[in-house]
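Chains: A, B, C and D, in written order; residue numbering restarts at 1 for each.
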Amino acid sequence: MKFLTPRILTVALLVIVVALTPVVLQSNYYLRVMTLIYVFGLAAIGLNLLMGFAGQVSLGHAGFVGIGAYAVGIAPTHLGIPGLYAIVLGAGVSAAVAAIIGKPILKLRGHYLAVATLGFGFLVALLLTNEASWTGGPDGMSVPRPVIFGTRIRTVEQWYWITGGVLILGTIIAYNIASSSTGRALRAIHDSEIAAHTVGVDIAKQKFKVFVISAVYASLAGSLLALSNGHITPDSTAGFLRSVELLTMVVLGGLGSIASSILGTAVVVLLPQVLTVFHEYEHLVLGLVMMLCIILMPAGVVPTILRRIKGRAT
Amino acid sequence: MLSDLVQYAASGVTVGAIYALIALGFTLIYNSTHVANFAQGDFAMLGAMTTVFVAAAGVPVVAAGILGILAAACAGLLLYRAAISFAKNSSVLGLIVLTIGAAIFLKGVAQIVFDKRFHSLPAWFGTEPIKVLDATIQPQSFVVLAGAAVIVFALVVFTKKTLIGKGILAISQNQLAATLVGINVTTIVTLAFVISAAIGGTAGILATPITLTSYDAGTLLSLKGFAAAMLGGMGSPMGAVIGGLVLGLVEAFGGGLISSAYKDAFAFLAILVVLALRPQGLVGSFVRERV
Amino acid sequence: MKKLSGHPEPHNVGAASMTAAASLFTAASAQEPIKIGAVLSVTGPASFLARPQKRTIEMMVEQINASGGINGRKIELFLYDDGGDANSARTFASRLIDQDKVVAMIGGSTTGTTMSVLPVFEEAEVPFMSMAGALQVVKPVKKWVFKTPHTDTMACEKIFTDLVSRKLLNIALVSGTDGFGKSMRDQCVAVAPKYNIKIVHEESFGPRDSDMTTQLTNVRRKSEVQAIVAPGIGQAPAILARNYKQMDLKTPMYVSHGVASKEFIQLAEGGAENARLPVSALLVGDKLAQNDPQRAPVLAYIKAYEAKHNQPVSGFGGFMHDGFIL
Amino acid sequence: MSTLLEIKNVSISFGGVQAVRDVSLSIPEGVVFSIIGPNGAGKTTLFNIISGLYVPQAGAVKLRGADIVGKRPDLLARNGLSRTFQNLQIFTQMSAIENVMVGRHIHERTSTVAQLFSLPNVLRENRASRAAATKLLTYVGLEKYIDSMASAMPYGALKRLEIARALATDPKIILLDEPAAGCNATETADVEQLIRRIADTGVTVLLIEHDMKLIMRISDRIL
């Protein structure tokens, strides 16, 4: 077993980045951008388990991000449940919702599954927009900051470390799943569902399992996004554009490799910040960059770079 | 109460016909490349906006319309030749992201070439509503319906009878075999994109008197068109029309009878129910995976 | 289309804050540019509001810089487009404070984006002039947060005073599900009892819906409805007006200041005849009485704006004009 | 020898095409049972029925006396029935050893939660599966391909990889669908030798093949 497996390399690299960034880049702005990369990286890793490993497309995964975000918003204000427990509540609700809708829609394949998940994301966004008495409607609601060990977590710094830590844990857990019996079963399903089925993999159960896991990942990301922002709106958490962004992060990064999802997230989060220089042409350039990434790097940014470095032909 | 139901139906058919028109645009591209083109709504936007601006520059509306359809067709040509044909070996997901990127790109271009305001096109037969059991329907709805009917007929004839149409079906079954028997895949697939884009442009032009248009009108049209095409059964022209009309009617009756705030929710709930019962859509044929 | 002219003075909160901001400028050295930040939703669902705001602020910065800037110091404008997304608005707000080091911020075209950036400027103690309509932006009053647009409550009150004068007390609310429509709808519901106006029926429509005959049918069925009030913005109210004409409804209709522009009238294709809406004095500049204090600045702004952009002015550009001067 | 697998008047048709009509056969334990017949005779369709991919319109399939018609393929695998495919169904984006480790899936019992945190029992299980897979790869003579990607392996090697994966479930009966198809003389000899060794371990072999010389040399019974 050579020591530098992708798993050790990625986790080590991630720890270094999380530890060094505040030292190298002092200003809150960069910390804020990195926090967003960590939060959406968490959701992207979960989505990659579902899409990259098991090959099940989801065009509505921001629905779970929305559930996680609003759980942390609604629970403290309306139900008197403090922030931290609300995160667990959000994850529980997302898992339950994923379990309920998972059964029927995971029977679908390809574009049919895409439209079913698209529908789910739309439904969540609509609920959050219309149930204004709970969610504050389209203008959103403010999220009370949690109190941990007596201190109220408010500053960008604090949230930087929390989200960085959670991403590292999420990455380790994702690698654990990938190297376990479930991970192998999921990749088998992606390559040939028929063969996996006859060799003893319970297809429905495995797809269901990874759907729920990815929903919990997205929900945790939603909760952290809400807590670090302090204010959430239905569109910025559960909107269709957010689902598209998540999809782009995973696909641009590279399907089926955990490290690449984080890099894909970084690209998608940083692009709008870099493209502001184009003002009017921002959308045009963003669309172009997305197309070029897919054309030039079909396997995704990371696998292509790895292949170039190692120079071996797969 | 009856006239209310008729009005709901009228509203449902009006909106449904627009979804059907957009859904039709998906068929040829899906049939030839199994790509669900999320820029289809932007072809419609491009067709409509070009017509608006060319007409504003003094060209008679009909000529402007033809130019609009051509503009959309060119966008379709470019999307295939300059983008999708290079992304041959990327996954279904990669192609979805590619078409979404194309949609954002087209929106960016429209934002600069045109402007960011709302525009409309004159209705073909004026705005005098037609009375049916004292429910009122805009004449333009019939124009949209007629357009959908003509396109469905043309598509069915095209795919069944003409050589190119059969070529597209052959390519969708097995691209390698199609090339072996001498079908020039690139030209045929390019043609599929051009025709699909032209259908998209026509849809935009026919629908704009009802829906109005702006540089970012494409996104929602793509979504609803995609949902309608899937509801009906991806790849079949009849499926697209049925899917579109059912979607429109579910929205209208759901919105009217239950709650207009959750209009879109009923549409997607209907899709979830239909796909749970018939995973290949209302009209789609069941594809057994051959071993 | 009859307009409710004679709108109150653009509303500003806490004159004290004016002097604090002014002193800030003179303290810095003469030739260093004054950095002002702006985060607007130039694209996305709220672009209808934000476009005129962007054009107005760019025009005014040009004008001031052309005439030598303030006390000889040029204004440097940092303008970002948050696309209506609260999340990216917050990131750009932090960029303005930490990277661009702006001394003042104008922006927040929607209530959603405003509320999400508000804490950043409160913490950084940088004056923030919001363009959002909702009351919650300045209620409870915050030290560093101001807004020039009249609140939705005022718009509702303007409509209700007119309804009371026409003795139309049973109304139907047909409101948009976007931020603007929702928040104005909430204010109207809250303030209606004060004018003993009863809301007998409610419907809603999506910002991108293309047919609202279903909603209007439900309203028509309720015979006791005497007037329709339609809070909403963008293209949807124009389609609502068209459907109103298509169904040949006679109940008087009120739309919101969100569609206060010539564009709305053209798009409504005659559906907006004798519809009424509350609007700031800006849109009826030439009809203002000679001695009206607003007449001069309004006409000057209209002339400059239309000369530069040859597009009709919009109420939202006016909010930016007042906000920028403050 | 008790009957291991019994098929009684099974028939199936796809839209008018009668693929399999009224087939009955019973396969005793521990033999090499070959099925021959021209292309399109329904051999692979019969395999698909036995392995639960298709549900026949009529007839019964009994594995050790229990009727298995309509049972999910993964449950059949757990009851000791395993198969290979006429056109290779390999997990191409996985390495050879990972392909075979998926065969061990039904013997892997750790809970999902344990897998989330890679608890010691999961690490033990992974090592055990990897060891078993390595043994199997050596058994079929693919030891030099252990860590190479399946997509980079030659056709002949992939044929044997699929057999190794089928063996990984410790089956009672293994269905081999044209294992020697497209193989040259030496590869066919290897396959024959491999089938003989599998049968010697007591595993019943149900074979579809066209190479008559191979059939004659290896089969105990022929249909």
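The working rule: contacts are C-beta pairs under 8 Å (C-beta built on N, C-alpha and C of every residue); 3 or more make two chains touch, one makes a residue touch a chain.
All values reported here derive from a predicted model rather than from experimental measurement.
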item	value
A-B compared against B-C, more contacting pairs	A-B
Chain separated most widely from subunit A, comparing mean CA positions	D
Averaged-CA centre spacing for the pair subunit B and subunit A, given as whole angstrom	31
Geometric centre distance via CA averages, subunit C-subunit A, whole Å	35
Geometric centre distance via CA averages, subunit D-subunit C, whole Å	71
Residues of subunit A engaged with two or more neighbouring chains	130, 194, 282-283
Subunit B residues counted as touching two or more neighbouring chains	111, 261, 264, 291
Per-residue multi-chain contacts in subunit D, two or more chains	53, 85, 89
Of subunit C, residues touching subunit A in the complex	43, 45, 79-81, 84-88, 90-92, 94-95, 97-99, 110-112, 115-116, 118-119, 134, 177-179, 182-183, 186, 204
Contact footprint of subunit B on subunit A as seen in their complex	51, 57, 59, 101, 104-105, 107-112, 114-116, 118-120, 122-123, 126-127, 130, 193-194, 240, 244, 247-248, 250-252, 255, 280-291, 293-295, 298
Contacting residues of subunit C [partner subunit B, same complex]	42-44, 47-48, 51, 177, 203-206, 208-215, 217-218, 221, 234-235, 238-239, 242, 245-248, 263, 266-267, 269-270, 311
Complex contacts: residues of subunit A adjacent to subunit D	173, 176-177, 179-185, 187-188, 190-192, 194-203, 209, 256, 314
Subunit B to subunit C touching residues, read off their complex	1, 3-4, 7-8, 10-11, 14-15, 18, 111, 116-118, 120, 127, 129, 135-136, 138, 207, 210-212, 214, 216-217, 220, 252, 255-256, 260-261, 263-264
